[in-house]
Amino acid sequence: MRYNINNKGYYGEFGGAYIPEMLYPNVEELRQNYLKIMGEDSFQKEFNQLLKDYVGRPSPLYFAKRLSEKYNTKIYLKREDLNHTGAHKINNTIGQILMAQRLGKTRIIAETGAGQHGVATATVCALMGLECIVYMGEIDIARQAPNVARMKMLGAKVVPALSGSRTLKDATNEAIRDWINNPVDTHYIIGSVVGPHPYPDMVARFQAIVSEEIQWQLQEKEGRTKPDYVVACVGGGSNAAGAYYHFLEDTDVKLIAVEAAGKGVNSGESAATSVLGKEGIIHGSKTLLMQTLDGQITEPYSISAGLDYPGVGPMHAHLYKSGRAEFISITDDEAMTAGLELSQLEGIIPAIETSHSLAIFDQKKFKPNDIVVINLSGRGDKDLDTYIEYFKL
Amino acid sequence: MRYNINNKGYYGEFGGAYIPEMLYPNVEELRQNYLKIMGEDSFQKEFNQLLKDYVGRPSPLYFAKRLSEKYNTKIYLKREDLNHTGAHKINNTIGQILMAQRLGKTRIIAETGAGQHGVATATVCALMGLECIVYMGEIDIARQAPNVARMKMLGAKVVPALSGSRTLKDATNEAIRDWINNPVDTHYIIGSVVGPHPYPDMVARFQAIVSEEIQWQLQEKEGRTKPDYVVACVGGGSNAAGAYYHFLEDTDVKLIAVEAAGKGVNSGESAATSVLGKEGIIHGSKTLLMQTLDGQITEPYSISAGLDYPGVGPMHAHLYKSGRAEFISITDDEAMTAGLELSQLEGIIPAIETSHSLAIFDQKKFKPNDIVVINLSGRGDKDLDTYIEYFKL
Amino acid sequence: MNRINQKLNENKKLLSIYFTAGYPKIDDTVTIIQELEKSGVEMIEIGLPFSDPLADGPTIQASSTQALKNGMTTEVLFKQLKDIRKTVNIPLIIMGYFNPMLQYGVEAFCKKCKEVGIDGLIIPDLPVDVYHEDYKSIFEAHGLINVFLITPQTSVERIHFIDSISKGFIYMVSSASVTGSSSGFGNEQTDYFKRIAEMKLNNPQIVGFGITDHKTFTQATQFAKGAIIGSAFIKHLTDKGLETIDNFVKHVKN
Amino acid sequence: MNRINQKLNENKKLLSIYFTAGYPKIDDTVTIIQELEKSGVEMIEIGLPFSDPLADGPTIQASSTQALKNGMTTEVLFKQLKDIRKTVNIPLIIMGYFNPMLQYGVEAFCKKCKEVGIDGLIIPDLPVDVYHEDYKSIFEAHGLINVFLITPQTSVERIHFIDSISKGFIYMVSSASVTGSSSGFGNEQTDYFKRIAEMKLNNPQIVGFGITDHKTFTQATQFAKGAIIGSAFIKHLTDKGLETIDNFVKHVKN
């Protein structure tokens, strides 16, 4: 069984490009060029230089001593929270802005949920001097105010998505509409491994730096390149895709995907796509998504804006269906508690998205010698209000 | 002329330990032990390991292309904003928490202005499982709300300083009072190169990693270890001390210290100590400070909480008096404009403290081939409300 | 012969109207179809509402959301259309997104379409290539014409490919944009309409997007076989209700 | 002989009172000194207010802030004290932080002290070592006794050093704390008082910090020569004003 993408743009039965004709020239241009451009020396050089000098890579692989003691196993945290702008998202936006430049685009659009991708996009647009428009659900604008402020400081225009659940899914719809309306000069920087082919693959490749670094960092620390487990939260699935990438075909390394159960998987307010979803099409990709029997996409719910999405990327649909990855659902309450725990045990305030990954230890036991790498996808600064209010600190 | 500290704890005529007897045992214990402990292999190993894996060092030396083009010179940014917790402050708190552990202390206190030092202290206390109390001026608590929230998440107790100007100076007074009241089990983690000897020297040594890295990073990029200029903002002076440290005695490297002029040096609302200050004693150190003719310490003003301090560390008093460093004053307005400019030219939102350093280009011209390293002491997330309100974004 | 092909053979410019099934009221579907035929419309696109209509602008989006709130589903729509061919003769096309059809089962969906007398489908997010490989035979087995879109950005090569697998007409999007966005046509569009006309494709073209009134209808059909009105008609329904449908159509036609 | 030494030679326990010059009103300084002497106090510390009194608790801090607001300065204080020796005989000590003295000029300050009849100084943030090296000769040239503090944490060695350079008494801080913080003494303090007494130092000790009333005064002076009341007296001034100073003193003494 193969877990990575095939040459038709599918992961197993998932993926593809289910797009209106209006998007065809854009997506096709990208599909035909992305591997070639990524393979160019000059691209690689500029990409790696920016990851190092601008983003601050490599991000450390930090042995979390007190957390490991508490759960009696060896926990390493991959510190994507230390990246410039505070999450893994920038790995991808750096890659895509270089791609957009080489495709001659002058106007950049993006969707955002937690605002991290919006900030990461606004950031690279400022860096390159390109116009930037970010679509963001009205509800997310309210709950991730610091990131909205950051995008404005960076010179981006933040446009509220007022339809549907007014969260990430709807922001994505709006971004796609913008792209349809601006097919020539505009590049759409999708923020996760979702959307039509080649986006899931392109984003996964830009994020693959995460698992590439884990390999040599673990070699340095433990004398081996493979952890026993790699754990990541899944909204669309980009941080997970990056953390899994170089381990995908190596089944010695167990993969754990953590989804947002919201108020409980069966509460009607959840975003646990693997449990609640069925095969279908969302944002141009055949994948698992939460929907009614009638095929209407359901409004998801999670306390975490970055996980509040009714689908997962096609890679993850395939990892789920094939059993390659174990999927665990974590409720709002469990995530919040785990976020506070990490803050007070290790002095690291995680993004609420990431807190979901940190909450698996009550559901899943590990052996004392297991090496468990958790992708610390982002920092919690954007979530302080939510934490403070939740814990009445 | 020597610019670093002498063996009596003075920089030229500045420094010393003007402390009440109640603090003598604490300060003396530290004075007698700090160099010995810092010299131990096990200390160095743990310190460097944490700087690498936890803080994320080395922080990049980033060539700011668009900024350089705008000002027609070669500007490098030393990215302390990418450190864990978002500023240079953590270099020092990591060092001091290891020091405190080795001195057998179990309770940590700190003062904070911008909150960055408070967060950095709360962070290392969480990391080591030590009790943490942070004193913060009531006004700063209001204008740096995100950092107050972070400290609480990290399990620290934030105590408002209600006296005087209710900013950094008064928070420092309160911390000293706490230390007087708790002389045995408590270590006071001072956040800048201020306070009685050996604090200025100890903090400078912990921050010296900044200039150490600049040397080899510049060698990598430009084939030389010396920049023409090193620029840093000065509140108490710790980020400047760190950026200058390895260049102190090498006068080929010109040092520029940037102070907060507030609403203008002669407006009565300023914190430009070098211009407005006179020799005197503040917080246990003989240095330059803003005071009345009668020797009462003046209430300073700056839009930036981290620069809103009526003194400078004794190293900087000496650098000023000896002419080794050039001192430049930057107003609130100039700083805010420079902060927005960096955000929109380079995609980096700086702390307002740092924005002062970025504002020197209108006052000071450099040659096209000059290598100007600016210490980007912190990120602006904590300042978003101030920026947004100022620019009505 | 499929009703669409018959209609295309008629020697006149065709006005086709899009509306969202179940809007403004859940039970308005049949009435609207009947009224449209009575008013002289040549073809109708019945919109099957979708929660996330990413090719549509605000007007059609809002009507879809309302229709779903009203209780419209695939099942309900087929029930409403059960006897439509007893009263209506013009070609009927269902326009909808692919996911609801996928959930219904593509084959089951086609079967139902045939049963109630639907002549064709427009599925904006089912790309030509996927259709061609996976669904063509099913559609054709049920006598359904699948309509493809082209835009000003579509390459000549691709237009020929689309033409080659089309069996009815080509939906010519007036400008690259979601529905309901432009107002009036300029030189750019006219050039584009002309350019396509001069390609002398096998399938006639019907222009969609941006047709709002008599003027734009005339412009669009100068070189094309017909034109489709969507958002403008939905707006009319929202503002004026069902009573004056014939008025709307008359104003467009003349 | 300095008035302080004379007083220490008297065969009784000494009550010394601290107050902040210029508080509650700017012109209360002289009246308070006179009232204190009349009420039977043996010694007075006149606080020269400072903006950042980091060894003081909230009560003395607040009185300092108010005194500064009232206009108190070094210059004003010396003016107020100009004729003090015409009416007051007990030892007078100025207690203040070092920076205002530094700005006035240490020598000028000492000269003024001598002129108006000040007997000694307590400067909490002028450490013994700096005094010893830089300022001793100036102080002594003006006949001023500089008083040093010891705390429960001060090492035996250092106590002996401090004793060796002291010329009057040693200010024994009851517990390591800023002014105004403890309430009543426990075994720990008593042990400490006893331990110091048993060292048989050259200079007698006067206890400060935490003396509030007759009980704590008696406890403190069981082993020491005297005790200093600060915050409790400031509180009394705040609550009751200047009228009942003798009442306060009587309550402490008996």
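Letters A, B, C and D mark the chains as written, and numbering starts fresh at 1 in each.
The rule we apply is simple: a contact is a pair of C-beta atoms (placed from the backbone, for glycine too) under 8 Å apart; a residue touches a chain by one contact, two chains touch by 3 or more.
Because the structure is a prediction, the values reported are computed rather than measured.
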Set of chains adjacent to chain B and to chain D: none
Taking each chain's C-alpha mean as its centre, the one farthest from chain B: C
Centre-to-centre distance between chain D and chain A (centres being mean Cα positions), rounded to whole Å: 66
Separation of chain A from chain B, taking each centre as the mean of its C-alpha atoms, in whole Å: 35
Distance from the mean Cα position of chain D to that of chain C, given in whole angstrom: 96
For chain A, residues that touch 2 or more chains besides their own: none
Two or more partner chains touched - positions in chain D: none
Pairwise touch network: line, ring, star, complete, or other: line
Set of all touching chain pairs, with the criterion as stated earlier: A-B, A-C, B-D
Residues on chain D engaged by chain B in the complex (per definition of touch): 50-58, 61, 65, 68, 73-75, 97-104, 124-128, 130, 148-151, 153-155, 158, 173, 176-178, 181
Residue ranges of chain A in contact with chain B within the complex: 52-54, 56, 59-63, 66, 79, 81-84, 86, 122-127, 129, 146, 149-150, 152-155, 340, 343-349, 380-381, 384-385, 387-388, 391, 393
Chain C partner contacts - residues on chain A that touch it in the complex: 16-22, 24-25, 163-164, 169-170, 173, 176-177, 180-184, 278-284, 291, 293-297
